[in-house]
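The following pair of complexes shares a single chain, subunit A, combined with subunit B in the former and subunit C in the latter.
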Partner chain A sequence: MTDIISPLPGIFYRKPGPDKEPYATVGDRIEAGQTVGVVEIMKQFSEVRSDVSGILETFAIEDSGAVNPGDVIATVTEG
Partner chain B sequence: MTVEKLLVANRGEIAVRIIRAARDLGIRTVLAASEPDEDSYAAQLADEVHIIGPAPAGKSYLNAEAVLEAAQATGCDSVHPGYGFLSENAGFARAVVDRGLTWIGPSADAIELMGNKSRARQAAKTAGVPTLRGSDGALTPDSNILEIAGKVGYPLVVKASAGGGGRGIRLVTAAADLLSTVEIAQAEAQAAFGDSTVYLEHFVHRARHVEVQIIGDGAQVVHLGDRDCSLQRRQQKIVEEAPAPGLPDEVRATILASSIELGRQCHYSGLGTVEFLYNPDTQEAAFIEMNTRLQVEHPVTEMITGLDLIREQILVARDGALRLTQEDISFSGHAFEFRINAEDPENGFMPSPGTLERLQWPGGPGIRIDSGVVAGSAVAPFYDSLLAKLIVWDSSRDQAMTRSAGALSEVLISGVKTTLPLLKAVLARSEVAAVEHHSKFIETTPDLLGASA
Partner chain C sequence: MAIRITEPGLATTVQDTGRPGYYHVGIPQGGSMDQLSAELANALAGNTPAEAVLECTYIGPRFTTDTDAVIAVAGAPVDVLVNGTPREQWTRLKLVAGDEVSFGMIRAGTRYYIAVQGGIDVPMVLGSRSTYALGAMGGFEGRALKAGDALDVGTAGLERHASAADFIDESLRPSFAKEITVRVMPGLYDHRLTEEGLNTLFSATWKLTPVADRTGLRYAGPSVSWKPRVQPFGAGSDPSNIVDAGYAIGSIQIPGGKEPIVLHRDAVSGGGYAMVATVISSDMDLLARSAPGTQTTFTPVTMEEALAARDEGKTLRSRIWGSAGQ
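On to the complex of A and B.
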């Protein structure tokens, strides 16, 4: 299991917009470098990517939830 | 209408500013605050604080129902929205009025009209406000787009009707790209704003951004002079000044008079700003859009008129009539405003949240600080990066620039990175002194953006 960590404080969003599809959902196969969400800090958006390829197991932060640097956003089972 | 207990539906420096204006009128204030703002500077100054929700603005400051409930729970008779957040939300303005509360702002109809940029452009044209060559209103499925564009001339911009503030704009330099760009712009506008309509407008290279402050009571409208807000980065204003320097007298007279006429024709009440592009090469000003709210940069107008704009805004909402006539308003000297943002100029202007350890402000004649923070304040990552505004007045533009340089050198902030180095560098440029700057000046002058940008 590999954690995807937020490098920034802010608000975590799983979707690019309120009416859009999520970047990724639990159970998805994701590739290294793939975006799983964005963190908004002071109206600027930074993409959150997975360092590894594998299956997205869980999201630890709900959509529109607050995050701090170092918080686990999601976990991925490598493979 | 009554305004005896005011709900301040905002945060940061503008909440502090509104609380002070209300206090001077003997009005009690309730701050509608998010959870992390419970102990903010604005919360310390308000008579009461009511928590409206958690940190994300969508669940607090943008949550119209929570704000309305706060007003009723605390027995407020009025709502001031500040700028941003719900300030230009016509549905919210209507809901405030429907609940029998006094809305400190223009009518919902005026907000709606000016929120639709192609309708606003038509209203401006009708009122005799100079507009850029463009399509008559939004393009329709029957429009001969190539023919219209030929009359507008290239380069031109495709603008979303529901855009504004620099959003929803695409540049077209040649006819070959026109139809595909219009198609993309319509799809983008649908996705971003839920309204696919777009219109065409002539593009002005190296324009300055000038604007006229007006205030009205639905019948009478007066102007409070003009401002220049050309010093921007990514369409965000950084330094503003009043009056707008280097405008030919006839251009100034035209924008002031036609802004009043636009206000009259849409029965405007409260504060509003009519924004123009000014082309120094052709000496022509043309309408961009109208902002139906208090502006961040309102203090430069206050410094040259001696008026408290928020006081006038509250009184016109309360009394329904302006107490000022055009003859009551006079102008003196020159003022600059510098926006101090929690951003790191040496790291691509990345937001820089944290805790303010040290905060030391300048003083002396003509110096004003509108701050939302004090030493020890937390700068949360959730909201806009504006910490405070330094406003400087002096008898002339040159003298105000000299005084500004001294004032900026006195500012000491530690704990977060700020835009202070950029502000000092901009002020030192000979182009700014000579009024040769334009709205892309900061972005096209690499020396100003730090080594790594």
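On to the complex of A and C.
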């Protein structure tokens, strides 16, 4: 299991827009470098990416939840 | 000599002590949000307090230097890496041509400052090198840095190098706490709140929301109540509205009676919200260091107490600069 960590504080969103599909859902296969969500701070949206390839196991932060630097956003089982 | 930016970070800008004197025509004082940390970085780098530094917010830049250089990093706690090797904050770092500097994850606070011996050399605009991004003026092309930017470094203060501080003692460093008390002076429009509303403002614990930047900081907490009145001509319909007036840096407005906003160094200069209190100048750095989630109380002080706090700041600065003659 590899954690995807937020490098910055803000609000975590799983979708690129309110009417859009989520970047990824639990059970999806994720490639290294793939975006799983965005964190909004100071009117900027920073993409949160997975460093590894594998299966997206869980989201630790719900959509529109607050995050701090170092918080686990999601976990991926490598493979 | 130049600093070449390979990754810009989230919102890295050139800042200095600011651009006072133009707020009445809508241009804010700006400058480093956390003035003390920026000044400490300058002291370590062998600069004067006036040299321009890089303000790094949450995510810092990655850059290389094309000549030997002396830098220092002060402010929010973060891992400083030179060619991937951890180095210290709060001390002077010597770089050789080609060295690459990058940063780890910020551990607390909001901003850290990179001073380069000689200062970041961008054109002076209205007496300052500070970036006012909203007005697209000052700093490097009036904006936050981008990958590929090359920043010139000046020669200011180089002769002072020998007397610069080698290390900043922990007792002189700011703290980056998750619970803070901020001193404010009530007014100018505190009379618009009910007694209960004013008590709520000064007794509640306010949590900083993620809506916090160089313009201002928004807090979540209870509602405050306003005295009922027939709104005068020119004022908006909400009781938190006034006939437009000039704002002060540090003033607190509470639109709709919910979620107080404290204006910070890049704030707009006027508008139609009642300013119920103003953060004293000595505590503006403290606000600037607040990360989202910081539990904050606003405590009223008198003008005498505010001026005494300003004098304490001067004493601290004389300890920092000591024999360096500041």
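The rule is simple: the second predicted complex is superposed on the first by the 79 of 79 C-alpha atoms of A that agree within 3 Å, B and C clash if a C-alpha of one lies under 4 Å from a C-alpha of the other, contacts with A are read in each partner's own complex, and residues count from 1 in each chain.
The rule is simple: a residue touches a chain if its C-beta (ideal position, glycine included) is under 8 Å from a C-beta of that chain, and two chains touch if they have at least 3 such contacts.
Predicted, not measured: the structure shown is a model, and the values here were computed from it.
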**Message:** For A:Gly70 in the superposed arrangement: first (subunit B), second (subunit C), both or neither?
**Reply:** second
**Asked** In the superposed arrangement, does A:Gln44 touch subunit B (first), subunit C (second), both or neither?
**Response** both
**Fill in**
The chain contacting more residues of subunit A, comparing subunit B with subunit C, is C
**Message:** Quick one: is A:Gly33 in contact with subunit B, with subunit C, with both, or with neither? Answer first, second, both or neither.
**Reply:** neither
**Asked** In the superposed arrangement, which partner chain does A:Gly10 touch: subunit B (first), subunit C (second), both, or neither?
**Response** both
**Asked** Between subunit B and subunit C, which residues of subunit A are contacted by each of them?
**Response** 8-11, 41-44, 66
**Complete:** Interface with subunit C, subunit A side, in the complex: residues 5, 7-11, 40-44, 46, 66, 68-70
**Touch list for subunit B against partner subunit A, complex** = 54-56, 58-59, 191, 342-343, 350-351, 353, 381-385
**Message:** Can you tell me which positions in subunit A touch subunit B when the two form their complex?
**Reply:** 8-11, 17, 41-44, 64, 66
**Prompt:** For the complex, which residues does subunit C have touching subunit A?
**Reply:** 10-11, 57-59, 105-107, 210, 212-213, 291-293
